[in-house]
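Sending over a structure as structure tokens; questions will come in a sec.
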């Protein structure tokens, strides 16, 4: 079997399906999509891509499957889904996800279009190995019991990205004990967690849970995410660059002939060149890390609920209004309102005293973490450094945000 | 300058005082006192000693001092205190601390007896280099502003042991960003945290705080401790072995001619041999990891307050009563009641919006962590495997503990 | 001082000059030039860039300077040179170096053009901080005693790339003890290696040597390089892709309007897009890792000396001749003749019994390593998979290479 | 299956035999035998024991067996042998091996006495699981084809200790790519290395070889060993302490009632206490790292062949003679003559162009490494610091060693 050296998991051994899928253009493209997009402007070592991350997710899924009672055919589908789970990402990954969703109505994990199109090599490769592309696409979307292994509160996706992002940023907090996590996953059917017979071999009617004695292990996943959010993923410099990138992409789609379907198949390098040429003011700034600065950086308690819950249209209208009031062009003000804080992992399932419980019920930590996430939420308004004071005044006025 | 290779911090460079202190018998003895005592019966790679830990604490103290406005003489005293902070530990460190305290009235960080005794080399070495042994002893006890660097909520002691224990157990959760922590420490005097002049050069009237923007960094210290507690430090196998060791030491002191003062100067190997010879039943079991099993393992809500707060006498009386009721010898039952859960680090100080705050006020996480610590508290009753059922019945009766 | 988190050296602390230099477009461009270019097609985690490598070299230079007797002004120049030492690299670094040399006559470490041009920000930044751009350029080229720290047999450049490439590929052999190396460097003047006064503060008339007791340390540098050569840097897949890239660049320069000066300032993403659009056959293959295969892979003893020493013209002529004989287009055959094997580090200087010696004289290993390097030398001829047999026959004929 | 957390290999999963063997007193004793004995006096983090090393060897053997064509019964025997391979070590491992050999005629890997004695639990445990103790003992001694996996030029023993010693000392050079090595091992029977049928399932008539394309991998093993020898294993401080320990053990056996059989079953802590009590002058010095110093440190070319090849009797006679001439007691002079340099790994087998070759024939490096080992050989004469000059003169005279 083919083995690929990985700096996180050492050797990743590929089965025959995986070896062929890796060679498709759709998968090779992931070499050119960075995992952490604009985060690398703060943590310069973080240049890893969705290519090796996808190999890592495949690796962890294979390990977890070795401990789960699923039949070989199901395991083969899950492994393929794990490998392909990010193939639907556009350039710069999550940073362009909202742009693509507004334009196409699809998220990065809805990849039926990619997997089931007979003209594409991925579909042909899956079928050549006797796999059902529709079923793989459903697993990528997290459907069914074992689908939660690919996309769910305890999925191997987050296990890989936490340790990989820690390895590459140098920030240790993502380094979880994935070795223990993949061993302790169980499929809980209707009749218990003893792994004996109640679960059908295809893992459909089951839930993915952590075995007895793993509350602290489950908590460690949440804590890792929460600290990585605070220190890495939501670092303000990365957020400023990400917001600039999103605006630049919107304008690029508006003025160029590139369709949303073409856009989502671009890679990072294509986008960087396209933005520089088509939306030069923002494109060049992103390329050179010559970023806007924060004019406003407000916590949840300082922002009116209406502003927190503003939709995209309202956000853009506010931008225009602020720019107007500050006497600037509309491209010079960016309003960045993150969605309300949440912690998806808090509903993961753990066995406690023989009973499957949601982590938020089994752990006293979860409410504290939720509060911490709320405390870290920030609304940002960004603009060129020289206009900060004018924009701050205008933004506070338009958005109803209190003084810092 | 002499440099020692360390597997955690790479090279630890020693100043002239440290180089001489390292050569004293009192410091060399730390080579023979393991950092995690009975934890290594669960995590077999964890054989590191207080020798290299002390070098690590010295190293981090030196780094922190490079960023703090203290005069050279104070810095020299703090570095010496950091190096010597664990020289007062008895064999098996914390596991014999209560035995020693009951016999001598002193804790491991009260080391005036060791540092100021003119017959000992440590005292002579300090004085030869112009350092005041009394002042070093006071710093080891955490007195004064910079003393908190050696012993306090933000001390470099815990930074070193967290990362070192993670490195040696293989459990990642202790791996904090100590590089950031030592850079972000400040001395907060009466007039602010700008480091400009309000603090006297000897750092006496100041508090050790983390600079602005480090709430998540401070939280990471707590989280690391909490997860390491749950998974490593309070693993039930280590607790059982530790309780057996404590009982064996009590009996050893009772039946041998070794005085408490001699006892505290023993090293791990001395104790292991002495226990095997003097208290063979327990001593041999500890050596061969042939441990008692848990007859009772009860959470806080199942244990009457009187039992939780029982003092040493009451604990031993209960042991005898249970053994009696179960028809066993007194050495065959161990009652292990940990102190009430707490998190010392939660009162560490962080600057938020220019104001020094206690972490528990600045962080929403602390109360969640406290609750988690409470949830993990367990009373244990241990005995030879073959008597578990009898002992369980007797113990529940005597201690008033509800059914599991 | 500004500190940047690095996954290899933890925190890299920047002085004021460095902080400003990092913000120049010429340095930010290095974010978009990968350190290992085509190696990442074999080791997918190896996506690190010359940006963080340059920070690492700056960091190690600073550490080494702490132990060397040079004046502050010299140290400031050396640190700036360390930071900027790779700013002259074209897209894909060494893979385009020969193309650029043929077109401009300059290597990547001749960067007077970049540092001394008053219209560029780098020059202005250096002068604003009182540094002499000409002197920095000379240090980048390795001139003078301390220049060897930036470019020489014992330079910190190779120390950083060895450990960094090991970290990112996952192949451990580059992990040298750089902590020891930077502490053990000395400047050897006319009168000895005791560091006492013979060397002028500007380190001009001195040589960089390793102090007594470091023959094995010096050997470890050679061994690390040799094993990384064998396993990573000269992996055949990376060589095939690199050769395809070089040919594609030549054609791109021939058919596009891009001048060599513009070309050398492109970044990886620019080149990838430009090649795909201008030289689509090769460009698309490189992007998708759809590579040529080896038709010939011959060791030194099977290749006539004339072929080994063929210059670029002769190499291209042979390509055309082989393609002709095989009935293929000229773009479908690539002849790849590496330069003769050598080990630059073997002439590094080490103090043995008080005398400065060249490593090749002090170490018995060097000749063995040289022989190993010769044994690993391979001439390659590459072509599309389907033409391998035809091309092999033609190539053996044209190049006079014996049968494998 | 039981899994044990290891700081080097993460989780080591034990089969049923291993889980039971680990619980025997003979195996638990390995918790108290340090892997690197006196090396930790130089590298203080190196406190790891033969307990976790043995788990690591078991782990690597299991992985290698997954890729080898041996039947289940053979694999079970090999795994047991891997786990038990060091159970025959005396206290302080290799440091007492010569003492034990002279007293009992047996080396640490001749453990029939331990495995086949029906009164011992190890024998009973093996038989209870259907394993043949004699066969396990033969495998520990390296007999037969697969026995080379446990003890041979390519055994997993050295793979584990190299990476483990690197991890714990902090010296990186032992960090080999064991993941690749265990995958690339093959059993070469009479008819080829294709793994197809020529080898009998019990792996008896086969040789352990590295598959095609692994010359550099095989070299990396040698290089790692050679550099670890130079920097770690043969550090002069460790050699001085080791020689003092050996002399102390000889005297202890001479004056105490402990038999050699009892001696070999002692653990480190037993020996440390016994030496301090029975041979106090040396015992206390070892415990406190108050070591003898080098009076002579001579390379191979300065030592007469007769001295290099002196046997134990001659060595001790020389000691007495030197002590006499210097006017000292016999315990105050130690002559330490290592065996002639060699590199066992150089005869490991590698497949090159389809043919199994010895590494020394396939690699140009080996002769260089041999020369380097010769160059690093040193004869040492040690004594208390205050007698260095007198002892040097006497030693040079008695041993015929040239001036340094």
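Just so it is clear, A, B, C and D label the chains in written order, and each chain counts residues from 1 on its own.
What we mean here is this: contacts are C-beta pairs under 8 Å (C-beta built on N, C-alpha and C of every residue); 3 or more make two chains touch, one makes a residue touch a chain.
On a predicted model such as this, the values are computed, not experimentally measured, just so you know.
By the touch rule set out at the top, what is the minimum number of steps from chain B to chain D?
1
Considering A-B alongside A-D, which chain pair is linked by more C-beta pairs in contact?
A-B
Measuring centre to centre, with centres taken as mean CA positions, what chain is farthest from chain B?
For chain B, the chain whose C-alpha mean is farthest off is C.
Centroid of chain A to centroid of chain B, CA atoms only: how many Å?
Roughly 40 Å separates the two chain centres.
Once you find the CA centre of chain A and the CA centre of chain C, what distance in Å lies between them?
35
Between chain A and chain D, what is the gap in Å from one C-alpha centre to the other?
So the centre of chain A lies 49 Å away from the centre of chain D.
Multi-chain contacts only, two chains or more: what residues does chain A have there?
Those would be 10, 171.
Which positions of chain C touch chain A when the two form their complex?
4-8, 10, 23, 25, 28-29, 31-32, 34, 40-41, 43-49, 51-52, 55, 167-171, 268-270, 272-273, 287-289
What does chain A use to touch chain D in their complex?
Those residues of chain A that touch chain D are 3, 10-11, 179-180, 183.
Mind listing the chain B positions that touch chain A in their complex?
Chain B reaches chain A through residues 171-173, 175-177, 216-217, 219-220, 223, 227, 230-231, 363-369, 371-372, 374-376.
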